[in-house]
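Paired with subunit B in one complex and with subunit C in the other, subunit A is shared by the two complexes that follow.
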Partner chain A sequence: MKEYKILFSGTPGAGKTTAIGAVSEIPPVVTDVPNTDPGYAKAYTTVGLDYGQLTLDTGDCLRLFGTPGQARFDFLWRILGRNALGLIILLDNSRPNPLADLEIYINGFGEALRSMPCVIGVGRHDQGNTALDDYGLWLMERNMILPVLPVDVRRRADVVLLIDVLLAELEFHIRKGECSHVE
Partner chain B sequence: MWKLKLAGLSETEQALIRSIVRLSKDLESSWQVVDQGACDVVLCGTHGPAMVMPGVLRIRVAEPGEHSTEHMHDVLERPIRAERLIRLLCQSAAALTQGRASSTPSSTPSISSPVVAETPAPRAMHGSLHQVASIGRWPPQVVLAKNREFIRLAVVLARASLSVTELSRLSGVPMETCISFLDALEERSLVRWGGAEDAIPPPPSHLQESTEHRHFGSGLLGSIRRALGI
Partner chain C sequence: MSNEQQIRRIASREVQKIAKELHGVSSVVIATVDGFDIASIGLDGEDPGRIAAMASSVSAIGSVISQEESLGRSRSVTIATDTGFAYLSCAYLPDQTLILNVIADQDAVLGQVAYRCAESVRRLEAVA
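And now, the complex of A and B:
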C-alpha cells in the first residue's frame, strides 16, 4: 500500500479541522486544547496536527494533515510538507489583515512552494475589507500566481473543489515533469 | 439565416448595425443579430474578442487608416456605412456557404476569397490560434464565477504560455470553452499574447510516455477524484 498526503495549513480559526472532517472517511483525529490566545476568536485551537484519511480504490491511502496555524509552529509545517502532493492554505477574510496572514504562510512554506502545488481557500469572504481579488493581486506583486477560491469549509463541495484544483495543478506538474517531490 | 454577433462596439454603433441589418433590402440572404449563443460572423470593435471559434468569421470595425490595406476585406471602416456593411455581410455569406459546402472540418472560410479549400484562414484568426496566451495573475472571481472548467483553464494558464490548441489539449477542456475563457480575460485586458517562440516546450517525450508517470497521473489522481466523488 502506498501513502500520499495533502496538507491543510492556514490561519487559526479558518477551518482546517472542519475542512478535513468534510472529506475524511474517518472522524478527524484532532489535537485541540482550550485557546488562550485572545488574537483568535475560538474556544479550542489545534496544537499538534489534525488527521483524516481517504482509502483509494487502488488500496492506497491519502492522508490529510492539518497543521497548527500559529507561526511559532512553522518548523512543523516544513516537516509535514515534505513529499506532500500539495498544500491548501485556508484563510479567514474576517480577520484584521488577511493578506498579512497569507504572507506568513507563503513565507513559511517558501521553498516548498517552488515545487509543491498550492491552492488558497478564503473563508468568510463576504466579511472584512479585503476583496477576494486582492489576494490574486497581492500574489501578482510577488510574481506568484496561485489559485484563490472562496470557500465555506462546512460545505463538502467547496472543500472538494479545493482538492480538485490542487489535483489539476499536480496533473500539470506531472505533465511537465515537475513532480520530483513525489516519491 | 446567418447569425451576426456584435462585440466591443458602442451602443450607438450596435443600434445602427441592428437597424441596417433589419431594414436593408440589399442583403442577399437573411441575417439576424444575436446577443448570445453560436454565430457565423463576429463584428468587433477595439475591445472585441481576440479570436473566434473555428469556422466563424471575424470582421473588425476600425478607425480610418488603422488597418493595413491588404486586409481591407476583413475591416469595416468607421464611420459605419450601410453599403459597406452590406457588402461585407454578402461576402461573408458567400464565404460561409462555400466553407460549409466544402465540409473540411479544420478549414476556415475567408471573406476575401470564398474558395475555402484554396485559401488560408483570415490573418486575425490564423494568427491568434497560433499565438500563445499567458496570464500575470489569478483571474478575478467575476471571470471564474465558480466555473470548474474556467478554474481548470486558469490553473493550466498560470503555469505556462500556451496556444488555445495546447490549452485545450493540456486541460482537457473543449476548445470552445477555452476561447470563451480567453475572451473573458481579454475583455479585462488580463491576457498577454506572444508568438509561438514564447510557448513553453512540450513535456519531454520520456515523461509523456513513461509508464510510471502515466500510471501516477491517471491512476493516483483518478483514484483520488473517485474517492471524493468527482
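And now, the complex of A and C:
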C-alpha cells in the first residue's frame, strides 16, 4: 500500500475543513477556533491544520491535509506543503475579488507549483461576477494551465472529483518526469 | 471601561512586566486564539503579528492532542530549542481564549517563566 499526501488550501470560508470532512474515512482532525476577524463572516476558522484519510480502490491511502487560509498563517503552507504530491486550492466565488484571492495562493505556493500538480475548486460559482472561464484566462495570462472546477464542498462526489482530477494531473506529471515528490 | 478594553489594558501591563522582570526574554505577545496580537513587546524587533499567528497554530495543535488523549484543556506548550525556548500558555476567559507567548534565550529559566506566565494568566482570567 502506498500513501500520498494531498494538500487543501485556499480562501478562508471556501470550505477546506468541510471538504476534508466530506471524504475522510476517519473523524477528521480539526483545529478550528472562534473567528474574531470581521473580514470573514464565519464563526470558526482553522488556525493549525485539518487532517483526514481516504483509501482509494487500489488500496492506496490518501492523507488529506488542510491549511489555514489566512496569509498570516503562510508559514504553515510551506510546512504542510512539504512532500505533498498535489495541491487543491478552494476559492469562494461570492467574495469581492476571487481572482485576487487566487493570486495569494498561486504566489504563496509559487515555488512548489513548479513541480506539484494543482487543481482549482470554485465554490458558490453561481454567485458573484467571476465566471469559471475567467479563472482559466487569468491563469493563462501567467502561463499556467490548471483545471478549474465548480465545487460544492458539502457534496462528497464533488470533492472526490477534485481529487480524481488531481490524481490524473499527477499521473501526467509523472509521465512527463516533472513530479519531484514521488519516490 | 468595557470588558474588552480592560482585557487589553491588563494584557498590555502584563507583557511589559514580564519583559521587565525576567532575564533572557526577547519578546512577549498576548494573542487571540485565532492569531491576532492584542498586546506585545518585542525586544529584538520580532513581528508580533507573526508570533501571534504561530502561537495560535501551535496552541491549536496542542489542544487537539489534549482532546484526542482526553487530557482536558491544554494549559501550556513549551518549545525547547538549542538556544532558548518558546513558552505558550492559554488563558481561558469567560468569552474568549487568549494565548500568552514568551520567547526567551538561554539566559532565561524555564520554570521562572512558567511561574510568571501562570500569574499573568490568572490575572487575565480574573477579568469578569
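FYI, the second predicted complex is superposed on the first by the 172 of 183 C-alpha atoms of A that agree within 3 Å, B and C clash if a C-alpha of one lies under 4 Å from a C-alpha of the other, contacts with A are read in each partner's own complex, and residues count from 1 in each chain.
The definition used in the following text is that contacts are C-beta pairs under 8 Å (C-beta built on N, C-alpha and C of every residue); 3 or more make two chains touch, one makes a residue touch a chain.
Just so you know, these numbers come straight off a predicted model, no measurement behind them.
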Item to complete: Specify the outcome, clash or fit, for subunit B and subunit C once both structures are aligned onto subunit A.
Response: fit
Response to the item:
With subunit A at the apex, the angle to the CA centres of subunit B and subunit C, rounded to a multiple of 10 degrees, reads 170
Discussion item. Once chain A of both complexes is superposed, is A:73 in touch with subunit B (first), subunit C (second), both, or neither?
Written reply: second
Worksheet entry | Partner chain in contact with A:94 - subunit B first, subunit C second, else both or neither | neither
Worksheet item: Which partner does A:148 reach: the first (subunit B), the second (subunit C), both, or neither?
Response: first
Worksheet item: After superposition on the shared chain, which partner residues are touched by A:29: those of subunit B (first), subunit C (second), both, or neither?
Response: second
Worksheet item: More residues of subunit A in touch with subunit C or with subunit B?
Response: B
Item to complete: Applying the touch criterion given at the start, work out whether A:55 contacts subunit B, subunit C, both or neither, answering first, second, both or neither.
Response: first
Worksheet, complete the sentence: Superposed, subunit B and subunit C have a smallest C-alpha gap in Å of 25
Item to complete: Overlap the subunit B and subunit C contact sets on subunit A and report the shared residues.
Response: none
Response to the item:
In the complex, subunit B touches subunit A at residues 135-141, 144, 146, 148, 151-152, 154-156, 158-160, 170, 200, 203-204, 207-208, 213, 216-217, 219-221, 223-230
Response to the item:
Interface with subunit C, subunit A side, in the complex: residues 29-31, 33-37, 45, 47-49, 68, 70, 72-73, 75-76
Item to complete: Flag every residue of subunit A that touches subunit B in the complex, lowest number first.
Response: 4, 23, 54-58, 60, 62, 132-133, 135-137, 139-140, 145-150, 160-161, 163-165, 167-172, 174-177, 179, 182
Practice prompt. Under the touch definition given earlier, write down the residues of subunit C that touch subunit A in their complex.
Written response: 32-36, 49-50, 53-54, 56-58, 60-61, 63-64, 68, 96-97
